[in-house]
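Sending over a structure as structure tokens; questions will come in a sec.
A, B, C and D label the chains in the order they appear, each numbered from 1.
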Amino acid sequence: MRIDQIAAGMTAEFSKTVTEADVVMFAGVTGDFNPAHLDAVAAEKGPFGGRIAHGMLSASFISTVLAMRLPGPGTIYLSQSLKFLRPVRIGDTVTARVEVLEMMAAKRRVRLATWVENQTGEKVVDGEALVMVPGQDRQ
Amino acid sequence: MRIDQIAAGMTAEFSKTVTEADVVMFAGVTGDFNPAHLDAVAAEKGPFGGRIAHGMLSASFISTVLAMRLPGPGTIYLSQSLKFLRPVRIGDTVTARVEVLEMMAAKRRVRLATWVENQTGEKVVDGEALVMVPGQDRQ
Amino acid sequence: MRIDQIAAGMTAEFSKTVTEADVVMFAGVTGDFNPAHLDAVAAEKGPFGGRIAHGMLSASFISTVLAMRLPGPGTIYLSQSLKFLRPVRIGDTVTARVEVLEMMAAKRRVRLATWVENQTGEKVVDGEALVMVPGQDRQ
Amino acid sequence: MRIDQIAAGMTAEFSKTVTEADVVMFAGVTGDFNPAHLDAVAAEKGPFGGRIAHGMLSASFISTVLAMRLPGPGTIYLSQSLKFLRPVRIGDTVTARVEVLEMMAAKRRVRLATWVENQTGEKVVDGEALVMVPGQDRQ
């Protein structure tokens, strides 16, 4: 969307079940082989009693909402704050949500509340994003 | 590492060339199919003159350093701030670095400066992390 | 094949171009993020003057010939020796070859010479395999 | 590590749960589509009563320990012997271990015992590796 199509209060979301394959591939791309994610035996003895997904995997779904839905394709990511509130387990279905908080039209910037919930509605990640949206001459 | 093995000023890093395969797989796991990352034709007309990697992919290498090196296995991620300063192009080699800023021994928490550089030493991502480290009774 | 269909001197092969994506995915599955494979900047300063594929990736193509062609589906891998003779670079096309050296019909075992060549015919991996083949009552 | 930092008796390890995603991706990269690994129906009727991981996948975790931990980054793989002793099933958590057996300082070579265990401590792969380590002028 262009800056003049966006208004405070607008929301968007993206949901996905976090599978074992997602965790394996995320580890494979990032190199983060923390046993909490990839070693079922060690993870069972750990603080969460089993394997959990990478926090940055859940956080990345925020990027997905921003890039795919609101503001959508062409969005340039400027900053993101993240609090990791609860673990996401393999098999959990998470929903990343964004809500427009503030428009800075002159600079084509948008500030958004961003968070990720699990299937029971608990926040697992919370934060804020600042993005720049395409100019009017762009798609 | 345990909290008593960590001191302000300690550093660690992780380097990786960001390939087309990484970008494709990161998109596949996260669902972020922003044309800036996956559509060479659209990206060429975009603000960066070609495809760039997901900002969250570069940011995730920070998680890799924290989980694999400093503080290392067992680390629990509490929060992360991220500023996306420059694009990472396919073929760039990035290095994620962390430096311990502050110890909060009573709560076993560590605050770290975290950033990612490209092969020419320019910062592409900057921010801070807060993590909790395993207790003395853990590995 | 069944043991009575195999004879000393029989050969089989499997060829594949080793791409950057193969190396990224092999690292992702195995956790072997040796900079020689994944960090173009570090690898350029290393002994091979650039990134090379994992030796075990090339060696795994031997397993592919054994399992897919000779003796083929149902083969049980008993042992493998491997000498890593030359680096395989990203973009090289390698051919894994096996040749039956000896039949041990009573135990349904087959000993094979196994090696991998690059596109110029140089051996990159050399070794021997011992496998067990399905009984006559099996497919 | 440099050759003068390594001594006989030193050990290192790497653990990972072998998931269905690992087996699928390993097959995809290597082309080893043995039904024992990828065809649940055929594998159930086979000698192991279900799908098993590729032997070379388990063996590759030895490469991971050598490259990532001992001797670590910069290690050059010279040879590896492998005996496949027991099947690894999808869901097993395996630990690859290496122990330095012998130093050949003049040639910067190290001989190591190498094996992989499952979560019950049974050896699934056994063998020996010969590697060359970086010179003192290298990292």
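As a convention for this text, a contact is a pair of C-beta atoms (placed from the backbone, for glycine too) under 8 Å apart; a residue touches a chain by one contact, two chains touch by 3 or more.
This one's a predicted model, so the numbers in the text were calculated from it and none came from an experiment.
Under half of the residue numbers at the chain B-chain C interface are used by both copies of the sequence. The centroid of the Cα atoms in chain A and the matching centroid in chain C are 40 Å apart. Centre-to-centre, using mean CA coordinates, chain B is 28 Å away from chain D. With centres defined as mean CA coordinates, chain C is found 35 Å away from chain B. Per-chain Cα centroids separate chain A from chain B by 15 Å. Among the residues of chain C, those touching two or more other chains are numbered 24-25, 28-29, 31, 33, 35, 38. With chains as nodes and touching pairs as edges, the resulting graph is of another kind, matching none of line, ring, star or complete. Within the complex formed with chain A, the chain C residues making contact are 24-25, 27-29, 31, 33, 38. Those residues of chain C that touch chain B in the complex are listed here as 19-21, 24-25, 28, 33, 35, 38-42, 51.
Listing the residues of chain B that touch chain C in their complex gives 15-17, 19-22, 24-25, 91, 93, 119.
For chain D in complex with chain C, the residues that touch the partner chain are 14, 16, 22, 25-26, 28-36, 46-47, 54-57, 59-61, 63-64, 67-68, 73-84.
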